[in-house]
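To start, the structure under review is shown below, and the notes come after it.
Labels A, B, C and D are assigned to the chains in the order they are written; within every chain, residues are numbered from 1.
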Amino acid sequence: MSTTRRSTADQATFQTSAPNTLLTLYRRTRQRTLSLVEPLSEEDCCVQSQLSCSPAKWHLGHTTWFFERFIAVDALGKSAYNDRFEFLFNSYYNALGDRQPRACRGLLTRPGLGEVLAYRHVVDDAVCEALEQDRLPQQALAALRLGLNHEQQHQELLLMDIKHLFSCSPLHVPYIDDEPAEEVSSASSAHWVEFAGGLTEVGAIAGDGFTFDNESPRHRVFREPFALQNRLITNGEYRAFVEDNGYERAELWLDAGWRARSQAEWRMPAYWCEVDGVLCEFTLYGTRPLRDAEPVLHLSYFEADAFARWSGARLPTEFELETAYPTSAGDDDANGRLLEAGRFHAAPAVERSDRSVMRQVRGDAWEWTSSSYGPYPGYRPPPGAVGEYNGKFMCNQYVLRGGSFATPTDHLRSTYRNFFEPGDRWQFSGLRLARSLNA
Amino acid sequence: MSTTRRSTADQATFQTSAPNTLLTLYRRTRQRTLSLVEPLSEEDCCVQSQLSCSPAKWHLGHTTWFFERFIAVDALGKSAYNDRFEFLFNSYYNALGDRQPRACRGLLTRPGLGEVLAYRHVVDDAVCEALEQDRLPQQALAALRLGLNHEQQHQELLLMDIKHLFSCSPLHVPYIDDEPAEEVSSASSAHWVEFAGGLTEVGAIAGDGFTFDNESPRHRVFREPFALQNRLITNGEYRAFVEDNGYERAELWLDAGWRARSQAEWRMPAYWCEVDGVLCEFTLYGTRPLRDAEPVLHLSYFEADAFARWSGARLPTEFELETAYPTSAGDDDANGRLLEAGRFHAAPAVERSDRSVMRQVRGDAWEWTSSSYGPYPGYRPPPGAVGEYNGKFMCNQYVLRGGSFATPTDHLRSTYRNFFEPGDRWQFSGLRLARSLNA
Amino acid sequence: MSTTRRSTADQATFQTSAPNTLLTLYRRTRQRTLSLVEPLSEEDCCVQSQLSCSPAKWHLGHTTWFFERFIAVDALGKSAYNDRFEFLFNSYYNALGDRQPRACRGLLTRPGLGEVLAYRHVVDDAVCEALEQDRLPQQALAALRLGLNHEQQHQELLLMDIKHLFSCSPLHVPYIDDEPAEEVSSASSAHWVEFAGGLTEVGAIAGDGFTFDNESPRHRVFREPFALQNRLITNGEYRAFVEDNGYERAELWLDAGWRARSQAEWRMPAYWCEVDGVLCEFTLYGTRPLRDAEPVLHLSYFEADAFARWSGARLPTEFELETAYPTSAGDDDANGRLLEAGRFHAAPAVERSDRSVMRQVRGDAWEWTSSSYGPYPGYRPPPGAVGEYNGKFMCNQYVLRGGSFATPTDHLRSTYRNFFEPGDRWQFSGLRLARSLNA
Amino acid sequence: MSTTRRSTADQATFQTSAPNTLLTLYRRTRQRTLSLVEPLSEEDCCVQSQLSCSPAKWHLGHTTWFFERFIAVDALGKSAYNDRFEFLFNSYYNALGDRQPRACRGLLTRPGLGEVLAYRHVVDDAVCEALEQDRLPQQALAALRLGLNHEQQHQELLLMDIKHLFSCSPLHVPYIDDEPAEEVSSASSAHWVEFAGGLTEVGAIAGDGFTFDNESPRHRVFREPFALQNRLITNGEYRAFVEDNGYERAELWLDAGWRARSQAEWRMPAYWCEVDGVLCEFTLYGTRPLRDAEPVLHLSYFEADAFARWSGARLPTEFELETAYPTSAGDDDANGRLLEAGRFHAAPAVERSDRSVMRQVRGDAWEWTSSSYGPYPGYRPPPGAVGEYNGKFMCNQYVLRGGSFATPTDHLRSTYRNFFEPGDRWQFSGLRLARSLNA
């Protein structure tokens, strides 16, 4: 998918979009969330399996609350569906008052799934009616677009959280059945693609479709010449690191990483396990033998960094990745839109003749970068409660670029900044190697 | 309910019971557990609200597994309903292998409630068929009786755990509606009843109905002369302790109690709260104003002990209570069987003319004793896995006697030993004052 | 040392003691504490190696503060040496106000050791002068006797704490040099000594020398017939338990014990370690090969209990030990007064012809009992701050009887109750086996 | 001190330095460490007051071990003074084997201070002899220079750690007496100094005196136009933030900062306290009233960031500070070399007529920057154990620039990168405000 075509598409759907187009988008987005919880029971939707995860039901309620609060209540003057729901479904907006502690989202057996779905219905009716009647002012439309992108982020979070929950079950239940057969059993070869350095612009171009505040302002950065591998690191390559005792060699690790590894007793990526002597992986399709050609997933920053050091390379910076992607114009890598295509796992890079094409730049695995997540020069959070959306998390997290198989397609843009703490590994995160050319 | 009549009843149901009487009892007991979960949704049944609580679904599965394992599999040679269920539903029997960690019982969204109920059905069919055909050997019949008493214990645990879960909800949802109106608003007066000391026998009389191993062997103990109050401490009395800064005066507390209170920031009993300036209590009927005449509930050992010290009295020993109860023969205190009568909370002691009658000795609130839970002289746990039922917990716990509104009626016997850690307070625990007569 | 002679001696020193005898005792006791810190540097005296240990300097200050507070200030009207010292050296007396948190006693680099010794000197001068001039009223004399016994308890604590501190050093520094050579390499044989049951009196006889409040009131208890082994369990016997995988077999352990063992990864008693393939023990003489004939030391209650179960026996109750000791009249076991004799470790029981004599009943290792530490019937703590001395700790601790090589001789009495939490093992604690005769 | 003169001086002392000059420097540096511990007792030198602090004795031993290991052993072939000392005094070099856990450095009562000083003496003799005889090869000379800079870093750490230890004492003991009287009671006025943006070079210039590896390679960065305040934030300004409820307003804080503040219950900077209603500060001179004109010290990154947000400004980046400093050429701010001048606390900025001069750029308080501590483009840690010096800590820490009153003078260079975790606040850290000019 070319950047050019994407931003054209964006303009169609977001920017110059007539309300009715927004209506279609709203319905499609809301429906897609529902389709993701379809394989789940009420119990699956209720439980919180670790502090950083939320129950699926909470995701359903929280995304709905976002529209209720910022559209139905603030813009349309409706009263709240239930006075207590703001307490239950506010995630982290201090400006909007007290709320259910994050660690206790799994205690909310009430309201039940049925009532949360009814709540969705009521809010959707109000929003859709307003869109049909073209009654939303510009500011509300902006909030609506933010809400849709917000809901899309939660779609990926929901899959991450469900995968974690299901991984805790000794029954090894799959989220979904019928995984496609292995496409290729050996990885395509890896090549280095070189990039000139220099001063360049990064960040979102104002007016060019929806972007989050953390992608702005557009600004200049200077990069030294560098090279990137043309594809992601595979399970097979990472397995070699494991077998070379990568998890036992302190010299390969950051100090904080070594401590994390020691405390949590990491010996392989999350969800890898040995079953009857065979190295396996728990996926959304259940537990099955590890496929060497697929991109490695569920690495922490520390593991990605240690692997890169072991490889004699390093992690890329976020701007190396951002500026490398547009140069790969013309690459319509099929791996984007995996989830839309009904595929719930990362796919291997297929062998191609053109070695200089950057592969898997979107839609397989998030790529850890060495960039600490911080504000761009001149960044200011927007006024009001939504100012808490991104800015206050800009500390001790690292940026991931690209996107995973579970990332909604229109989030697959080169300026998109995902971020996690360096010890997190329940997200769909892998890596691509980088190296400096002049060093 | 007189002791005499109870043990007659016991003999009818347990001891000389023909298998068909056991069949009736089995069906009734199993059915009663189901009736307790009737007000609950699938989500309510799945969540674990604290480490010491278990999800209702787990209680349903665990009690079923007990019968499956010790009757269907061990005695009838059936194969297991599901090979993994022993892993999921074994509570703490090391002799039976690895199991789901206690802290993770709430992660079991699968099997769903429906499947656990189906599992109950299959096991019940097997057990009932065997009982109908009189095919169970003596040893299996003993295990069956243990299983029934075990399930009854879990019925009370289930209510404790559900109460805790519901108390965590900001929605203040009741477990059950329509609480009976307040009976009396002021407590009956309290009197001291005196008891001679001396050497006496305590513990279960062999052959006199079902008892747990921890109630045996019967043995002799020497007691100094003592007095007990004729009824339990009320909410009103305990409120006076709170208002007298009882929670702020270190001299009233055990050292470990003071530390527990400080760390957990206890300022009143569990489930007490202030709502709009009114002192309220969360009950199985929801949150409503505290009723002064009712027995205080949800005290830790430390709070009960501090209250007793503040009162210039002390907690009774377990043998003071045990030997005091039979002397109150003829007292048919109506409070026993509260739950069977459809009442889900402790009831006040009604005023009576006979001051020497011990009141509320069964069926309102468990009474903390100063007795550390230990083995009786000559105690030996039974052989096999059931040997882990009681013995291994005989350390750092304190005995409670009597019974609560949620205790099944045939557990309301004077030799019954309940036990909890001194900091626990989610059980239905109150206290009765004691004092030494010669000291 | 016979009981008779001891209590005669006690009467001489404590009861009918003229002030000048008390003076001698005061000087001797205070001097002995100083002699214990003689091998220590200022740094050794300052550091706190775990929460339950105190620095030697703090012991020096705290014991001095006890005399300053209850004699010099309260009885003699002196002003405090330093206003802040009560804050620093009050251990746990809530009645006397705020104090240095226990966990932070090791942060007190000031006052330095020199100043604390000067403080001792000033207080000693005041007390001795008052004793010489016979100016202390009865109540102050009682406080003085309590203070001396208090200081003696701290002498043993000081050795426990120093041993723990030194055990933390990778340098394996001995507290003292020149350990006596091994006396015997194989243990004397063990025999069972039988005791009739029945009703009997236990607890301190009023007027019979100094005792702590927790030894009173004297009262009656009923014991079933029982037997005790005539000597303590040896290292060799305990080593057999270790080699029989005693630490890997859950069925031998209390549930709380199994959790403690798992969390702390216990695989042998505290201070045992393997050096170059040889099983060794860290002692106050440094690290040296384990001596099989010596009593095992540094067991937690849980380990002692598991060992007893593995042996097919059990731990004794505190009253079984208390009532068994007087029957061994005539035994002048040489092991008492080990420390006074300059020996800093427990000694083996030497073979004797008379099998029925109870050996090592005092002065080698504290003996864990199955008795939870609680108040005797009619017990009341004394009024005032000293009421916090014992009573408030009567919860979740277990009684140890007998005494260790480090216990001052006049604490070696049959009614003495030592107590520790069941997971503690830095004290000099071993065990003696018991069994029930009629069970 | 002008940059020009400093680097000339550096060249004199480091670069072209003849060994005998190095000898002088070695002796002076080693002597200065000794002078810092002069006010301390043996006990003060032994205790570790929190995990991130080390005992002064450990600093003495560790800095000595650095020279022993890399000069005396590796370069001169000497044998170790004591085989166990590498275990004791290795800080974090995995390549050099196991070591005393950081959390347990305070347990090392042995070797005593005297022996550690003797150890210093022996190592110093060996190093000085080699320097006198000009026997050290180039690589060893580089290690020696690193060791001297390393020791200088530990000089500041030692003061930080001692201040923390002394702050824990209820006695409020000063490290040093006779603080100079307050110079000015009101702060000089603050002005904004503007800087043009553009592409510029940052990082150490190779060959220009000693620098740490983390200051290299020199490379280009692009900065937008910005402004900095000409002096540090004062206590008085920070006090206004506190009084404006800055610690109670979540909207001013990073999310991680709000959590840190809530968990640790921060209500003011470290070492501020209220004494009898007067806001005071614990300093190396003891506790005394807060001086409004002095720079605020002991802020965490989170507090500095919240203060900046409250001020409508932001923290500078590390490169804004680095490139702003040389422009202030000609400023001979007297505050540098405070410690050398015998002053143990930060000093106020005195009023000056030239508003555009950057004040307090060195030598009062470290300045938090918004820059996450990471490697410069092309950075590679040096080979061998010293490769662990800096690189492995480049994660989740933030850069501080400038220097404090306790920073050795020749560390006061514009490329120097100090770094701490964002929650740390026992270092001498304050802030200077920045803002973007075009935003």
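Rule of thumb we're sticking to: a residue touches a chain if its C-beta (ideal position, glycine included) is under 8 Å from a C-beta of that chain, and two chains touch if they have at least 3 such contacts.
Predicted model only: the values in this text are computed from it and were never measured.
Both chain B and chain C derive from one sequence, and where they touch, over half of the residue numbers involved are common to the two copies.
Averaged C-alpha coordinates give centres for chain C and chain D that are 48 Å from one another. One inter-chain figure worth recording: chain B and chain D are separated by 61 Å, centre to centre, where each centre is the mean of the chain's CA atoms. Spacing of chain B relative to chain C, judged by their CA centroids, is 39 angstrom.
Within chain B, contacts with two or more other chains are made by no residue at all.
Contact topology of the protein chains: cyclic, one closed ring where each chain has exactly two touching partners.
The touching residues of chain D, when paired with chain C in their complex, are 41-47, 49, 57, 84, 87-88, 100, 104, 106-113, 165, 168-171, 173.
In the complex of the two chains, the chain B residues touching chain C come out as 92, 94-95, 199, 217, 219-224, 250-251, 253-258, 301-302, 370, 372, 374-375, 377-378, 380, 387-388, 392-396, 422, 436, 438-439.
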